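Pasting a structure below so you can have a look.
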């Protein structure tokens, strides 16, 4: 038999023909297509029992109730809690993104010791025992050197058991230096102290649900001022009731856009407008009679310096418009209220403005009146044995920030004074610093100075959940559980009309090697033994919570929140100022042509918590583009400065020069540059890391002469084509 | 093959008229038939073996014994959750109700109790009827609303005394039961396949249409 | 020429969004992403390749400051029914591989990711930019994978995706109903994630054809309008705005044409 | 494409479209088949030569 | 070196020169395939396309090559079905050019889809209502037809022709060519049309939407007509270029003249229809959707304004039509050349506008125009088929008896 290549060809042909009559090619084609539909690098979400658990959100001061959807033990989604009084089922973008904080890449996954230079974020993992031993050694060293009073602590709030445990630890060690970051609520407290002579802890509450006329001096009422969800609901009630909403601002913020009543005044003249309105009210004899001291002097001051005409020129409004507004505002039937606190209210702001706006409310009779603003006693429901003893033990000692003494009697804590103090002195007045739920390196103005000061602090212990600008300066991190993994009582300030305490619950098992900060503080105290340990008689933090909250503990565990009633504080004699503090609200070099104003975006969070991926994703490209901050200017300003929409430009203030992108917008006043707050973070989630610029780097702080807080609301700047 | 070696193969067709002495036609036909037969054998017999890998369940399970013990059939263990979704294979907790300790029925039970119940470890069952991730299947709609029997799709598994070998498609990663045992895709029983066409056929017969895409896809 | 398969009178799920209530906060977008396993890239500031099934647009009346007005407009997929709700939506008819269809039972336009091969013709067809292409592989680094919901399958690179009116929620609600022996849903049982999350309550969702549902009444509001009605896409998302310029911005008009709040083809459906 | 595929419906659209398609395929295939068979036949018949055309 | 393979009696450049040219083209082709591989492996993020320009350079290139490749079907139709015998002198070349164009189109489509491995779904799970389905079917079948038409030519290579079977096959296929050509013409008519339908049916996109006759939008007919009109111009253009490069005359003037005359009348009638279409679209269809003509052009980010329409219709439509229709115009070499260049440009411009603008043009009043510039990967993969096409044409010219008149025309000299 002869075999040649034709035979093999025939073999091949036969094989090919045969194959076509087998399932092989057809099945392979089908399976290949299924392979493309499920390629291996695509994650497959695991199925399982679905459960819902309720807890509370702590990502902003708003105090919303949330429910988490769990599949087996994973939290897959956070939704609003329908039965919660603050948000009634709604939820903000940050709240929704909470899962990305819980499982996100910026979590501190175990105790860590700094291994690189400060600010570099290089860490070595250590055990909890090692970490606690180190803290103990640091404290003991200071105690032994009789410098225990240089131990300081910065927390995000002074409410609830956790901050109070810190406060107690410091007190029992002999240090009064418990500090919190200042917000507009601290300024309101200062105003109540200054203009009503009140002493001690007092809170501000707003009866927005019953308001009939809202006059907001640059407050981002729906951007996140106070409790954002509550404010959004209130604003919708106003809209439904056709309640007028006047927004005094330089640009169409979401609040201004929503209100439909923008009143554009020249930047920094908000206080003047308020005083002008006061003048119009007094001269129109529209003010409410009451027990007021200094009325004549105040009236005289207004007449001299803040007459309607003067104010009209200064603000750029028409005199008639001011008089008209004053008339509407002062009409008792209006049930009006004037509010201030710039943007989201996460900064203290200028006392001049707060006093002027408060004077306006006083004259219109809107303080402690339905639909108005209320002064209420701060809740004192957390009482521990020995509290008073400890308070008196430290009462004689001077605080590092001098709050409560001398020129600074209006403030409880003045964190903003620390960096300049350290830098001026050249050495740190703080020997050991605890930081919990606060990010001062990011949120304090004049970042360069803040960094310098933090570098000088000998030892910093951070209790952060996530890495941020401040942890980068810490020597040791004792990571806290995220709010979804821990118990914590969270009393809500945020200007709610009723006092409210939320409880966060461990709806997820700890994902990483972290510990509830409450437990950490208690174990630190216990490790110090002696009187310190005795001051912390609880087994653990949960025990502390249960014993402290008493009857409310079970309710909180079951329902998630407890709402209370608060009666207004008797205001007694009102003291109107005879002279207004003269602090320019706009800092910086007067020769620079433009005014830089931070804008608080609805989708960018500028406080301790940074935007998680979902929240960042919805940030418009008019605020962040690529890795650059986008600043907003008017078409006229753009032409005058030679700028083009979408193009790069160099933004310069006295502190820093940065490259930004320009967005030309119809919704902003000429001569103003608006810059979004919340960008320029370091060491956060990789999604946000090193994107844009931190507003605080550009803003020169300005100490308010009345309160001692940082009063800066804007700074002079130039914006030139890059 | 007698041509000079240096003539390029691509020019083979050029070897025309004078080289008629190649293999005779009969040989060529024979070769064709051999090739045909070989590939048929490969495609029908060898290929299916190659396509699927065989995996054993962690241990054997006797459905029949359990069926005799329970009151409400399959649903006694394969339960619907409160929200209407179907839980599928029972969890360890369900089984552990009875099998807290070794009852000594079988070796497999011993493995179960000692390795899984004692360690509180879920059994990594290989699920014969697992659909791709893109598929939504409502057991409630079929079992509760249409009152179909489990058997219609799953076959007689409830009567089985031991678990069959799990065969996984090496390319797609899915159980052979989705395509069906028959490599040609020929179905004799309603449970002989769980592909989209199988669903579509039944839906068309009983519902009048195959239904919208979203009915099963997610 | 498309043959209409005989269909039972189904539901017509739709949305009414009250633009007077919308604050532009973006919760709907975030809620949608969390519900539907939408991935995040390192940089999402290029909005031309950023997937947001519901997107909030910022409209202005184009007047100079301070007369400028802004309105925020959330735009999910419109689930167009086409003329007479025959299912001739712009995108469905053009898909070459039948990867998207119109469900006459719910009025929802589907998108089947495993069928789509990424030709993007449907995106060319959709005037609302409601369809998004997966230019990149979706990535959930580290433990972020734990946030994935099993109810929605993650999409692979190279396919188109869009809002589904959270159809899986409909499926889950139906399952619950089946187990309880019902074939029908109550109004609140099936709600989309954006509806649920909206802090303002600006979004209402329900069966547009069911007179008991809120949306059925709201869509008859004199200030109700839909986007680009003149194209006869017949969207199922209605908007309400008390501002005339906003209603006018909902469609294209020649210079001197009056703003119509009702569609030209109103006679076709009803 | 084939009647056994999931999407197939016996409606005018499918019949027209695929009717035309299969018709074209049929023409091309039969044309090509005819050419091949004829070429084989001619070759076996021994017909050859570049000179018998052009 | 390759002397044996070169058709008898034809002069070709030296193998060295030829090989050098091939290497240069080959490098370009490899570069293109590298870019294509990047797109296949890493996905379409390698391009600069986005959600507003989901149809971009590639789809334009696709439509353009198909339009200018229309010379194959139309010349085939004229030659085999209508029976214009002179055209046999250019039909081979038309087929080769067409084959290159259609291969390019298929290649580009294979890169352009997000999931190339699932590309066959368009056939398997076809939605018969989609214009793209029709395009895919007709395109692939027509490519088969072109291959069938190209095959006998390849078989005519001297060496291959020595094999009796191939010789006979080539012979019989020549005989049956009319059937294939007719089928091809039918297919081509439909898919050129359905490519037009691709934008024409987009009723959500006022720029592209054209109302219809029966089930087809007008663009269906306009595309077929314009491809038939301008395709032969591209065939003639490439033929002229080949003549220039080789320094030979390959096709007699009367063949050019005939084809140009037919083209001229086709362009002329097409442009009348196109003007009518534009007028109706601008005055009736668009206004009913709320768009005036200038709304489309005034805000275009490339700032070409209405000029692009004038360029397409007048400069690249009316002008070449007039030149090619007039005896004098055809006889004047520079005018003739200008006309065929303009005609090719015109049809490419038409496809450009119809591909890029409908999808990119904002329809929602609050949406905005964006700009787009292709990435190097897109450009490389678009150049790839051109280089590949030149290679195929060069190879064919060198080794195949493409031009029946070549010997005659060049021996005269």
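Just so it is clear, A, B, C, D and E label the chains in written order, and each chain counts residues from 1 on its own.
Keep this in mind: a residue touches a chain if its C-beta (ideal position, glycine included) is under 8 Å from a C-beta of that chain, and two chains touch if they have at least 3 such contacts.
This one's a predicted model, so the numbers in the text were calculated from it and none came from an experiment.
Comparing chain pairs B-D and A-E by the number of C-beta pairs in contact, the larger count belongs to A-E. Taking the mean of C-alpha positions as each chain's centre, the chain lying farthest from the centre of subunit E is A. Placing every chain at the mean of its C-alpha atoms, the farthest one from subunit B is found to be A. When every chain is reduced to the mean of its C-alpha atoms, the one closest to the centre of the whole protein set is C. Spacing of subunit C relative to subunit D, judged by their CA centroids, is 47 angstrom.
Between subunit C and subunit E, the centres computed from C-alpha atoms are 39 Å apart.
If you average the CA atoms of subunit D and of subunit E, the two centres end up 25 Å from each other.
The residues of subunit A that reach two or more other chains are 32, 35-38, 44-45, 47, listed in rising order.
Shared interface positions of subunit B, defined as residues touching 2 or more other chains, are 17, 83, 85, 132-134. Residue positions of subunit D touching 2 or more other chains: 6-7, 13, 48.
Partner subunit D is touched in their complex by these residues of subunit B: 17, 196-197, 200, 210.
Considering their complex, residues 80, 83-85, 132-134, 136, 138-141, 144-145, 208-209, 212-215, 217-218 of subunit B touch subunit C. Taken in their complex, subunit E has these residues touching subunit C: 43-45, 49-55, 112-116, 118-119, 121-122, 125-127, 129-133, 136, 198-199, 201-206, 215, 287-292, 295, 358-359, 363-367, 370.
Residues of subunit C touching subunit E in their complex: 1-2, 46, 48-49, 57-59, 73, 75, 90, 93-99, 115-121, 123-129, 131-137, 156-160, 227-228, 230-233, 248-255, 257, 264. Partner subunit B is touched in their complex by these residues of subunit C: 5-7, 98-106, 108, 110, 112-115, 151-154, 164, 167-168, 171-172, 174-181, 183.
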